[in-house]
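Data first, discussion second: the structure below is written as structure tokens.
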């Protein structure tokens, strides 16, 4: 267990400490659950009233809210960011070290210094594994793939051949990078496979969630920018390009050759069809379907709101008459005009 | 192959047998396909007419429908439940036994009695594996995780560290439990990772489908109640709580910190956004998006019905004019009122 | 690296070569990126103007477009199909050969000739592996399953017991075939598991994407026809039947016992509810929900179009008043009629 004093934490976060610099803490907790050996934080004023009962050893607060807590305070303009940074100090260390005897490393693969390979890891021919890389149990790295320094792969991850992963990335279990894109040409009734000859290039500081798939390109590469964050079960088709720092929530699917700009956010369960271009700073709300390119930053949506099923059924039935309703409305307007005229 | 007599089955199900107690059967089949060595069942009156041609050795029926079949009958108030119970008697036994030589079990892990570990299983430090647990090939159990008695994990499952799985659960292949929740704080243009320090607690008699992911909590735990059933490719984000006996169909995604009550059902391909609360007994129909808390039990829906593409296009175009149409309608009503007045 | 002359390629594709038969090339590339050692193709007239600057060693073109490129040309009625066929000639060869020492093959399993088993592969009892089958690292094949000749499985694939896979199929990493269908009977508050006693039968020339799941049948089998193509993260529930040459894009979910005809296409992120029948030649557009059987071929859709969030919000609010609006419209029509009358 990690021990830190409030003085050390203040220095780590660049926070102003109001309280006891030598006070020791061992973890983080929510305002409601925090104990005297833990630090908490207030990032949302909705929870401000809970601070009265808060037993935390210290609370990270905006300077303007300093008066809301009577105990030790760590004052920061962005308490949520402070919480994020402090969480890293309390993260558990890796659970294995060195190269396990059961890992199968091809003779032609190149391993950096201080590489951790868990049991059952398989590293293909000519793969290049950077310094300080940690690879979880039963993960498979294909031939000729490369992994940048300090990147961490969970257990049961699959990297196909020819995948370039940057530095300091995190890839969670069940993720598959470099499988074939979905490409076929019709020959009469049958589908003829288009072999996917491109690769996947992933930038630095990228996080890839559990069960997420990123397909290799058909001819050119699929490209994931620096600092991109992909949640679980995201599907990235062949030749997609994601701009730096774009974040995509769970179960969203992006079809082939679509390009997203930088600093976009796509909420969960969205779909984006193929061959589109979205500029920087586009935000798509949950379960929306994007079917055309977007040239203007901002928030976009599709779908209908939730309703009680019985009421929804009536409205959904009317949706199928909508064009007819619009024509009747126009007709009425014309008739009324005539009547008035 | 399992052999049972109808007398044994009647006792197993608590059914009234009309027929030959010593008649032997070896399996279950549908009314249409059943042979004399198999049992069938009638759970839906839609298929009642098929009973005339049914060759089954016996049929499970509601007492009121006893006259519909001329052969051996097993009479039960709930034939579908009888089918479910009988299916368990005919399930194939596990395919391996004992601890395979290639399984890697940390020295500090604790294994119960009669544990089956298939080839390539990896059990981390301080993990606790209950009695009668069966773990499929190449499945990975993280450090400090625990698995209750008689729970069965498929092949290629991943449990991260600090996951508590209850008794008599089933986890299918490709499932990932305890990966990091999707949490980041913005620091200018960049995302700063919030380490996910909570765990996952799964109750007893829970089923988790193939490729389903359940993320660990940010600070507190993600909690799955007793008897919860999750289909394939379900995504459960950090700090979600699912009440007992709630069932969720394939490809549904639930965002962070949302709480579902007991006895809810969520159909396939739904989305539920974050920080919501749904009371007990909420039912969400397929591909609906839930964006607000639900305080009343019942069925809820969103979306529009399916239509021929050409017709749908016209109506969807009108959807974008809907607010305008509503205003024009109001205007017409006012003008007509004036005209009549 | 594969070397081919244009003469060899012309013969392979059945193309008419206008140019140097002995000219050697080593790969394929897009019109924009192709170098003199590569072949390109023009499948879409949108890109015709790029041919002027094209540096490719040869271009595959429709005979009518032969004049658009000055260099070596391979003339074919379907250049896209030519590209597909040629891509297969340039696909990289498999990366391992023979049966790795760490593969665990049950004594009762039967292996064909020239089988490749990568490290960590597990083959269950009585499994049958055809000639020329290649199985990627840490993939698990359950007891009694069979794999047809020349089928290729990626790394970390799971086949449960009793799965029949045809000839010349491709299964990508993380796919799970034969997990239990989602079947439970209610017993008061609790769910009683219906053991899934059927299997999965997959035809020949089928492709199954990364992370896709195909559940085993409850009593009968789940059936995937010949030449079916499934993209990544597709979910096929128990007892679904897919007709020959049907193709389904990423993240689509099909619920239990639904039957699709031949030559259907389902775009990404769709849902199809259970117990439906879709005839041959049905095409479903992206993120549509199919809730009733379809008896007529053609294109089908549901949902609404994308809009700016602010505008969408107003229209979505009106959707909830749609039935009311329709009634008001009808009322207006009646009143106007009266006024005119």
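Which chain is which? They are A, B and C, in the order written, and residues in each are numbered from 1.
Convention: a contact is a pair of C-beta atoms (placed from the backbone, for glycine too) under 8 Å apart; a residue touches a chain by one contact, two chains touch by 3 or more.
On a predicted model such as this, the values are computed, not experimentally measured, just so you know.
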Cα superposition of chain A on its sequence copy chain B - rotation in ° rounded to nearest 5: 120
Interface residue identity across copies chain A, chain C - same or different by half: different
Rounded Å distance, chain A centre to chain C centre (Cα mean): 25
Sites on chain C at which at least two other chains make contact: 102, 120, 138, 156, 174, 211, 233, 251, 269, 303-305, 307, 317, 319, 321-322, 325, 329, 332, 336, 339
For the chain B and chain A complex, residues of the former touching the latter: 102, 104, 120, 122, 124-125, 138, 140, 142-143, 156, 158, 160-161, 174, 176, 179-180, 182-187, 189-197, 211, 213, 215, 218-220, 233, 235, 237, 251, 253, 255, 269, 271, 273, 283, 285, 288-292, 298-305, 307, 311, 314-315, 317-319, 321-322, 325, 328-329, 332, 335-336, 339
In the complex, chain A residues that touch chain B: 27-30, 33, 78, 80-81, 83-85, 87-88, 90-92, 95-96, 100, 102, 118-120, 136-138, 154-156, 170, 172-174, 205, 207, 209-211, 227, 229, 231-233, 244-245, 247, 249-251, 263, 267-269, 286-287, 303-310, 312-313, 316-317, 319-323, 325-326, 329, 332-333, 336, 339-340
